[in-house]
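In this document, chain identifiers A, B, C and D correspond to the written order of the chains, with residue numbering beginning at 1 in each.
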Amino acid sequence: MARGFRQKIRQKDTDSSGFGTNASGRFINKDGLPNVRRKGVNVFNRLSWYHTMLNLSTFRFLSYLVVAYILVNIIFALIYYSIGVQHLTGIDKSDPVNEFIDVFFFSSQTFTTVGYGRIAPVGFLASLVATFEAFLGLLTFAIATGLFYGRFSRPRAYLRFSDIALISPFQNTNALMFRLAPYKNNALTDADVIVSAAIEVIEDGVAKSNFYRLETRLNKINTLALNWTVVHIIDENSPFNGFSEEDFKNTDIEIIVQVRAFDEVFSNTVVQRSSYVTREIIYGAKFVPMYYPNKDSQSTILDLDKINEYQQVDLPVLAEEKG
Amino acid sequence: MARGFRQKIRQKDTDSSGFGTNASGRFINKDGLPNVRRKGVNVFNRLSWYHTMLNLSTFRFLSYLVVAYILVNIIFALIYYSIGVQHLTGIDKSDPVNEFIDVFFFSSQTFTTVGYGRIAPVGFLASLVATFEAFLGLLTFAIATGLFYGRFSRPRAYLRFSDIALISPFQNTNALMFRLAPYKNNALTDADVIVSAAIEVIEDGVAKSNFYRLETRLNKINTLALNWTVVHIIDENSPFNGFSEEDFKNTDIEIIVQVRAFDEVFSNTVVQRSSYVTREIIYGAKFVPMYYPNKDSQSTILDLDKINEYQQVDLPVLAEEKG
Amino acid sequence: MARGFRQKIRQKDTDSSGFGTNASGRFINKDGLPNVRRKGVNVFNRLSWYHTMLNLSTFRFLSYLVVAYILVNIIFALIYYSIGVQHLTGIDKSDPVNEFIDVFFFSSQTFTTVGYGRIAPVGFLASLVATFEAFLGLLTFAIATGLFYGRFSRPRAYLRFSDIALISPFQNTNALMFRLAPYKNNALTDADVIVSAAIEVIEDGVAKSNFYRLETRLNKINTLALNWTVVHIIDENSPFNGFSEEDFKNTDIEIIVQVRAFDEVFSNTVVQRSSYVTREIIYGAKFVPMYYPNKDSQSTILDLDKINEYQQVDLPVLAEEKG
Amino acid sequence: MARGFRQKIRQKDTDSSGFGTNASGRFINKDGLPNVRRKGVNVFNRLSWYHTMLNLSTFRFLSYLVVAYILVNIIFALIYYSIGVQHLTGIDKSDPVNEFIDVFFFSSQTFTTVGYGRIAPVGFLASLVATFEAFLGLLTFAIATGLFYGRFSRPRAYLRFSDIALISPFQNTNALMFRLAPYKNNALTDADVIVSAAIEVIEDGVAKSNFYRLETRLNKINTLALNWTVVHIIDENSPFNGFSEEDFKNTDIEIIVQVRAFDEVFSNTVVQRSSYVTREIIYGAKFVPMYYPNKDSQSTILDLDKINEYQQVDLPVLAEEKG
């Protein structure tokens, strides 16, 4: 909870944050999604299954497809079996298990439209069901095609943020710094960053969050190919002006970051968000450089493993803190 | 129809509304589409069948696909039948009905390319038709693939608007309020709202609609994760300045709302519109909060079922009304 | 060619038109594409076949698909035939023509993957070719799927422009007017228009085109559901200031129009262009209204067939012309 | 390396370039991608395979597909073979090689779902593997469909840049010029250009790059149908002010160009970048025109082969150089 620090707040941005002053817990999760749960309405209306399928991990997505494939074939096998195996040619009728196995494989050969014909429907009902199973199979693969395309064509920034933000010395004062770098072979240009801070304060005995826009030294860069160290100078315009190490440790702070850039391959704007809370802010440290020239000095190497590397430094004693 | 209220109109926005002053009925339907019907041109030129297919409900869309599938197979079955069943191997020739049934199933096995081969074409004509049916089948499923993808990848805001707008007390004066909330697991950022009002007046004995842009206290929020209560303060810049309860009841009013936001999953701008007419505006009421902290205070719950909940309140007696 | 009119040109926009002052003929064709032909480079490098396929009419696109399908099957039939029909089971070997016909159908059954199996490959070579034909078939339909989707998901404005522009009376002076209307069931919002004029003049005995941006009374409307009459007032800021009927008839003029709007179904910006040349500008006429209330006055009817309807009117005698 | 030229630098743009001052080698490669290599993280995490597949040449992309198809069939053939050829009907069992060949073709007929049925699975294991191979085949072609669509629907500017930039006379002074032209049948509008220069200087004995934004005479044109010659006038606001021919030859310069336009077919913004280094800048030359009227003067011809054509010219002796 918040406590009495010397707060000289200007330009509160609370209203336009979109979060109420009494929303609870972290606002933005580390993965960039808001920490809000919805209830009411029907759960099926509340879920966009397309958004859900796009956000699944590749492994889970493929597992769901395989499980659905097996289930569908079991269901159709049961239908064919109840219609009667005598309406399918080429079934191994040695015992009921073998019958069911052959019916299952007939179903899969129909659903995938492979249709060898060794097993084939002959009666009206079996043929009718097969007619719809083949149709359903094609529609299912039509949907799967869309899902695959939706998943891998989804524009994403592929940015890695440093896990921690630092309070570092910067030009005779302090600055809040964190950094980010593109980690894939995508080409980002015209990147900009918006940083805001939610700081919990006690007003009239009630804890509430105030939101502030944090100015950054650069909020736009042309080519996002190397790492970008975002610098918020802690001067009289910063809500952190006059914060001591103790204040940073004992105040509930959340730094919310939104990066927007243009991806040249997707020809689309991509956005990625992240946040830093109190325990992820390190006082008195600076980042270690993470890029260096290649041996032949003809290109630059960006070492992504160094993104979280920092070293402890002394911060300058500022006039205000001395006073 | 409109009547004589104390109207102090500034900044009419009539021309840029896109609606003429003598258009009739509601301008924007509750679902956000304009209340305009087109005639002339050929009806086929006037319909974008792709827009139509995207706007169908899932149930109707799937029904259309199934009906089309059956119709296509009946048509091809008739063609094969008229060519002669002797050009198909494996046909059950016990009677004409069975012949037709088998020909129908042969058609479906060709159209879906399942091609068991129990029934197969042998003559030139039957083979030729089958050649084109298989081709047509694949093209059809190519189109279906596109339609499925178009339907579920279509960027949508998934916003729920309150059914009613309220005239509520706000900071010593009145305000027109309505609210909206995202109801699916999509992530919206950088939302803005544009609100305008169409108010019917009698000028020279003729009823016509004037359009006004309504200023809102906030027209932009960063993260649209909780509900957003849009507030139009009724002060001297509002066309509703000095409106009494009677005026709100007896004037033909339409509040037109457009919300625009950035969906992070689609990486696309999404837009949703709605409108409120006279009978959907409630005088002297305020909304009940619809979000609250989770039990552990570590996240926030948004209860979508409460979006229309309000309670009656007294409105402040304003100087102007008193005077 | 141009001649001596009283030209009071301000703000020439020639450089940023993108057309040189000595480009020839119409700049923008009626369909909105620039009237430029490219040569050099390889013709295959100069054509984006995807753009080409998207711009084909539906009839030609489908025809190309059918022709390609037949050609591919003829080519593969020739390959199978030269390998030898003895490597395919089930072939009708009564005479070479029947052999070729059966080989052709085998090819089509492989390419579409229908694979009845009545005809099937048995030798190594025939099986190998069939292996690749089936693979090629699937890739071809993969490409066709993309083309279909690309064609019908391509965001388009679906605007109809009036064929003619008018010089009409407007608020004590004259104005150049043309109109446009959406003719499909798409929903356009936030439309804006940019109008420019290319006027040919003789400078130092050489004909060249000057470009001017034309101001319009409204350049933005909120909802593009009815028709939009774009009005350029001919005042002292217009390059047509002081133009007589003769001047309009005898000067080489091209009015270039670009409309941009947001389509809510595609969630995308759409653009459409058109142009009016000298012979498409009518002096002394005004448009007839093209929308009216429905019988029950509950909605508005837009009659697209009236878009070109106008009536002759007298233009006001302007001070400048009198002087 | 850089040397002592009379440098009057204003408005350094170094910070927002996104490149550090001590990055090495060319910043932007001729193809527009940054000259940066990444290390760290897992190589699979560092590669977006979708971006990779989209950037492959058509030939390599198709080759990869064919190779993958053959490999998959070999793997499945080995599985079927180890299960035992007795579980497949119709296999040529004359010798092991023929057995393997038939198993391979059975695999391909399953993977493509052509399924003639001449060879068909009969046992449990063989049927099970075939069930999954057909499923895998359909998913693979679903992915291939997405890749094809992603490849050809990817919005691209299709601009050709001149290989060289020139220092040309322009209105009593010098200017840096290069030109670009669309070379495909795409329609680009609202094009803008951003040009910056990286100039290497020695500061305190250390070579570092300073970045400057270069002003251009026009940075926006309406229709990009003909070629566009971008002109940066070398006046007192240019970092090249006072540069002699020697300076241009001996200084490490990189001109970085970014063009952005709206493609009307894709309805999307497209971006293309390029760069010119010291050896690609020619002092004292001007471009030869590359478009001319058609024979009938009714349209304009753009000759793309002339994009690099220039002729030597004398540059004006400038006051500063004289002084």
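As a convention for this text, contacts are C-beta pairs under 8 Å (C-beta built on N, C-alpha and C of every residue); 3 or more make two chains touch, one makes a residue touch a chain.
Which chain is which protein? Per UniProt: A, B, C, D = Inward rectifier potassium channel Irk.
None of these values were measured; they are calculated from a predicted model.
Student: Enter the angle, 0 to 180° in steps of 5, of the rotation superposing CA atoms of chain B on those of chain C.
Tutor: The C-alpha superposition of chain B onto chain C needs 90 degrees.
Student: Which chain has its C-alpha centre farthest away from the C-alpha centre of chain B?
Tutor: D
Student: Please decide if copies chain A and chain B contact each other with the same set of residue positions, more than half shared, or with different positions, and reply same or different.
Tutor: different
Student: Check A-C, B-D or A-B against B-C and flag the pair whose interface repeats it, over half of the contact pairs matching by residue number.
Tutor: Going through A-C, B-D or A-B one by one, only A-B repeats the B-C interface.
Student: Report the inter-centroid distance (CA atoms only) between chain C and chain D in whole Å.
Tutor: Using C-alpha averages as centres, the distance is 28 Å.
Student: Find every residue in chain C that makes contact with two or more other chains and list them.
Tutor: In chain C, the residues touching two or more other chains are 109, 113-117, 145, 149, 266, 268.
Student: Any idea which chain A residues touch chain B in the complex?
Tutor: The touching residues are 15-20, 22-28, 32-41, 45-52, 54-55, 89, 109-110, 113-117, 120-122, 124, 127-128, 130-131, 134-135, 137-139, 142-143, 145-146, 149-150, 154-156, 194, 196, 258, 266, 268-271, 273.
Student: Flag every residue of chain D that touches chain C in the complex, lowest number first.
Tutor: Touch residues, chain D against chain C: 65-66, 69, 73, 92, 101-102, 105, 108-109, 112-118, 141, 144-145, 148-149, 152-153, 158, 160, 183-187, 189, 191, 217-218, 220-226, 228, 262, 264-268, 291, 293-294, 296-306.
Student: In the complex, go through chain D and note every residue touching chain B.
Tutor: On the chain D side, the touching residues are 113, 115-117, 145.
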